[in-house]
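Down below are the structures I want you to see.
Across the two complexes that follow, subunit A remains constant while its partner is subunit B and subsequently subunit C.
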Partner chain A sequence: MKLLYGRGWLLPGRGWLLVGLFLLIAVAPFIPGWLVFLLTIAFAKGLVVLGVVLLLRGDLVSFGHGLYYAAGAYAAGLALRAGLPVRDAAVLVLLGVVVSTALAAIVGLFLARYRGIFFGMLSVAFSMILYSLLLKLYWLTGGTDGLSVRVSSIFGLQPGAEYLRLAQYYFVLALTVGAVYVAYRLTASPLGYLMRAIYDNEIRVEYMGASVRRAIYRTYLLSGALGGLGGALTAITVGHIAPDLAYWTVSGEFVFVALLGGTGSVLAPLLGSVVFEFVRNYAFKLSPYTWQLLLGSVLLVVILFAPGGLWSIFERLARREPGETAPRKERRWALSWRR
Partner chain B sequence: MGVVLETVAVSRSFGAVKAADNLSLRFAEGQVVGIVGPNGSGKTTFVNIVTGYVKPTHGRILFRDRDITRLRPREVTNLGIARSFQIPQLYTHLTVLENMLIALSVQERRHWEFWRPLRLDGRVEAALRVLDQFGFQDGADQRVSTLPEGGRKVLDVALSFALQPSVLLLDEPTSGVSVDDKFGVMDTLMRVVKESGVTAVFVEHDMDVVARYADRVLVFAEGTILADDRPEAVFANPAVRAHVLGEGV
Partner chain C sequence: MEQLAIVGLDGLVFASYLFLVSAGLTFIYGVMRILNVAHGSLYGLGAYLGAWLVLRLWPGGTSGQGPLNPALSYVVLLLAALLVGLTVGPFLERVFIRRVADRGEVIPLILTFALFLILDDVMKLIWGVNPLLADLPYSMLGSVSLAGVNYPRYPFLLTGVAALAGGLLWLIVNRTRFGKLVISVIADREVSSALGINVPRIYTFAFALGAVMAALGGAFIAPMISVVPGISIEVIILAFAVTTIGGLGSVGGAAIGALLVGVLRAAAVHYAPEFDLFVIYALMTLILLVKPRGLFGGVEVRRI
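Right after this comes the complex of A and B.
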């Protein structure tokens, strides 16, 4: 995984961020509904990928984030099924985040003890346990039929049917912006740097007097919370949930998107997620039976030409100064970290 | 001067090899102690035992009269015993300044903060001050992976020093450093050590370095102490000269 590690945790200038955000807000009412839906799903899943990337910064590959994705979604779905009196999207999302964080608090106690392939495989094991439970507890979860997730309001507002998709989009966008900001603060904090230190040298971290296990555990909590947030948002947007959310291929997809986007920025998972959804959408349209082949080819091309993920292309463009004659590789190393 | 660190009849074996054999030693506050001995004599094992990386088979380790024998490295460090390594243990993907900032955040017990940035103004100033003491006036923004071996050695010690320990254990601080740079590196390290009054114990192969900087020299041989005295007395000892320098063999 070393080669895939981001060379920085860059954010574009504040001006560019505001322009981008303004475009995402302003353009939405004028684009087709399917595109709004696709972006909504991409942002929701991008949050789960962000959780995966936070762990990747500590050289930990979670192949089981479907666990939190499904936990967030099913927390919302089961609450509605149980007759929760408040059917507001915000309440359901909060519930999803609380449940997934609580789950991460338990699972993290085990996982924080392991590294490398053991961490990855154990995380798969936990997600597959949940998958089996969701599948077998038919009386509670509806088995393979899944559950319907219908909300009646978003932050107390009840948009008409023609505006529902747009309202969901803005709801997801607002929470995505908030979550990305929290992740950004984390990565710039001592705890965030401690994860980068763990990536480099666990021995030194312990000999500085910090607990590697605790640092991983705390980051894992946030990572799980992001997974639950993404799951609950997806459930509300799609309106239906099924056990597949916890299946290992879904978890693998999050890792796939993390590599596609790169780990160079808190925005990279969102970029990767949007590109992934677009590619999958069009690949499925062009070739319904072999669309995975096209997806795999895209990842191969990205690995070959942008091994740091799609975000690394922006990094390179941003760092290229006019008239500079130094070889590209040297330039990249010299300017690779945020000062 | 009071005793800050004490080992009481400490032993440790690796199979048939006795790396530490009934070692009873006392280290006084502010003392600079050099440890010499041939390869395999138990020098690094001693450092590993004191810092909690290797647990002794028998015996006790006392830090300010507190038994720390069974503590983990992290707990030993937090009590005030820091160490550097024969192969520098650094965060090579990060800059010199970021390495130091992480050390300071841990020393401040603020390493769990996840909202306030690592790069607080006060912390950056403090980090630059420590780096300045160790001669990194201009290289703070340099990535550690680009530092020469001597620079890495000094930074490794600087990170441990930033934790404000009472005892600093340096495992071969000049190994891998060129002959020309050796005394420059040691001058820098020992100047800071003497100024701070920290108890320093350094493992070293170069007798000239030990003779120049140590107040006291311990000579290890097959896990035991062959000699324990002032440098001039130790290096005049024929048994030491035969065992360590190979004279008369």
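Right after this comes the complex of A and C.
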């Protein structure tokens, strides 16, 4: 037991982080294809969840992040449909991020004035506007049939059909690592500290001379960009997009995963996302009619008994030495936020 | 002219439906400060139980054959709504929602989302995934000719139910002892508690009342539609739009919001069908941008 739970074993310090990353890179060619696909999707969606979590840290619940998810995906899909000559994944992803960031720059202007439930409701309204347009503008978006998104190359490389899935996995993994690092740096910057202060009391923040609206607006931009990135990556991985991406239940799912993972670390959304995709995959296989029941129950248990999400359980386990009752002095976790 | 009349009638009917499902939602928010996503499930349960009972009691369908007088089917719908509202409503409040009542507005919202997911599958488990078509109460009333237009009679019953339920809710809040207690709890929860009002019990009653409204909407809309899995998903998002337009917490606002959305959507359906969903959320966005708390929303007190 000492070996398992001894000092430093479960702790994702910088070293363990690198080991984990190395494992994710090295193991991929040897695991079955469906698992690679599942991890790819989980990482792509985890980025959207990361965007939701960044806002959650300022006590803002975006119940409409499907807006950016769908915007990123449809930017890629519509560009291909319009006859974009370069069918490269990197170009499409860049396009998705640019479009969704531009969208966030406009929507954020309005949303930065709202808090609490009204922030959530207005986000829902914006995402439902996009949903209704994607659904009804048949000549442009194909309606419920959706669009197919086929890429022929990744960064100019053209992997053979049997390696395509693996190549997509590495592509998504690389972008995920980059995005997570950027998100971490941003939250460790003065802006990130400001968001934490806003969570506690925004009026005091204003009295100290900082602009709450500007901080929220900037965080919202990053959050929208992450949403678009996740959307474009999902579109490329799945190869097909439909208006449902913008529906409010999809946005609800992102908030769900955000709570499941917890808000304690930039890695928590990814952990939550991987667990979520596994649970959903198995629940759907075991009983197609009751998988929502299972998901709802998991969410219920997390809210009632583990308010900090899975990450907090992980943290608690790792921090305690065997035979020790009181928690040890806090240690610095790589990529963790301390509240 | 004829088309205008139809748009007006359709709008009124759709508004009645919207009012029934959103009045309870906004009332519960007003009293408890909880936005209840599971409200859609209460609506769905009302619809399923109502339709199922009508189908069981009058298996002959539209011919109305069965041991009971078909006219009783309206009573059955009402009873179904009361049963759902008065059992499932308090159960959800007592067992789940109460536990997170002191954790802000967002956590309860997500908790009710979890309940919503669970109840959606519970309905599938109980009633299966095949649509229930219980149109006996609908077809029994026939249709009427209005200004040269043939229009079914049943939708007017729905409007009547909505008006009656809204009026009753108003009476309960403004003319009874319970209503007085509710108003004082809305004004200040802690002071009410100090004065000896049993606040948790008021919460349970208020939640049950809102739940009955939702189930009523479900039970009386059931004969007009085919009851299928997923009806609760559609309705709750519409109810969100109506309540935010009218101002969360204001039942009168919900009525105005329902009329606005109802007529606007009916007009869109007839003149620009591609935009029937779009106009609702565009209106909601516009109103929130001009009046951030909705048409009749209160003013938020900023506490330092």
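One rule holds in what follows: the second predicted complex is superposed on the first by the 310 of 339 C-alpha atoms of A that agree within 3 Å, B and C clash if a C-alpha of one lies under 4 Å from a C-alpha of the other, contacts with A are read in each partner's own complex, and residues count from 1 in each chain.
Keep this in mind: a contact is a pair of C-beta atoms (placed from the backbone, for glycine too) under 8 Å apart; a residue touches a chain by one contact, two chains touch by 3 or more.
Keep in mind it's a predicted model, so treat the numbers as computed, not measured.
Judged by the touch definition given at the top, the superposed model places A:203 against both subunit B and subunit C.
Of the two partner chains placed by the overlay, only subunit B lies in contact with A:191; subunit C stays clear of it. By the document's definition of touching, of the two partners only subunit C reaches A:293; subunit B does not.
Contacts of A:158 after superposition: neither subunit B nor subunit C is touched.
Between subunit B and subunit C, C contacts the larger number of subunit A residues. Look at A:211: by the touch rule set out above, it reaches subunit B but stays clear of subunit C. In the superposition on chain A, the residues of subunit A touched by subunit B in one structure and by subunit C in the other are 201, 203-204.
Residues 59, 61, 110, 113-114, 116-118, 120-122, 124-126, 128-129, 131-133, 135-138, 201, 203-204, 248-249, 252, 255-256, 259, 289-293, 295-297, 299-300, 303-304, 307 of subunit A touch subunit C in their complex.
Within the complex formed with subunit B, the subunit A residues making contact are 5, 185-186, 188-194, 196-197, 199-201, 203-204, 206-211, 214-215, 218, 222, 333, 336-337, 339. Taken in their complex, subunit B has these residues touching subunit A: 51, 72-74, 77-78, 82-83, 85, 89-95, 98, 101-103, 105-107, 110-119, 141, 143, 159-160, 163. For subunit C in complex with subunit A, the residues that touch the partner chain are 35, 96, 99-100, 103-107, 109-111, 113-118, 120-122, 124-125, 129, 233, 237, 240-241, 244, 248, 274-278, 280-282, 284-285, 288-289, 292-293, 302-304.
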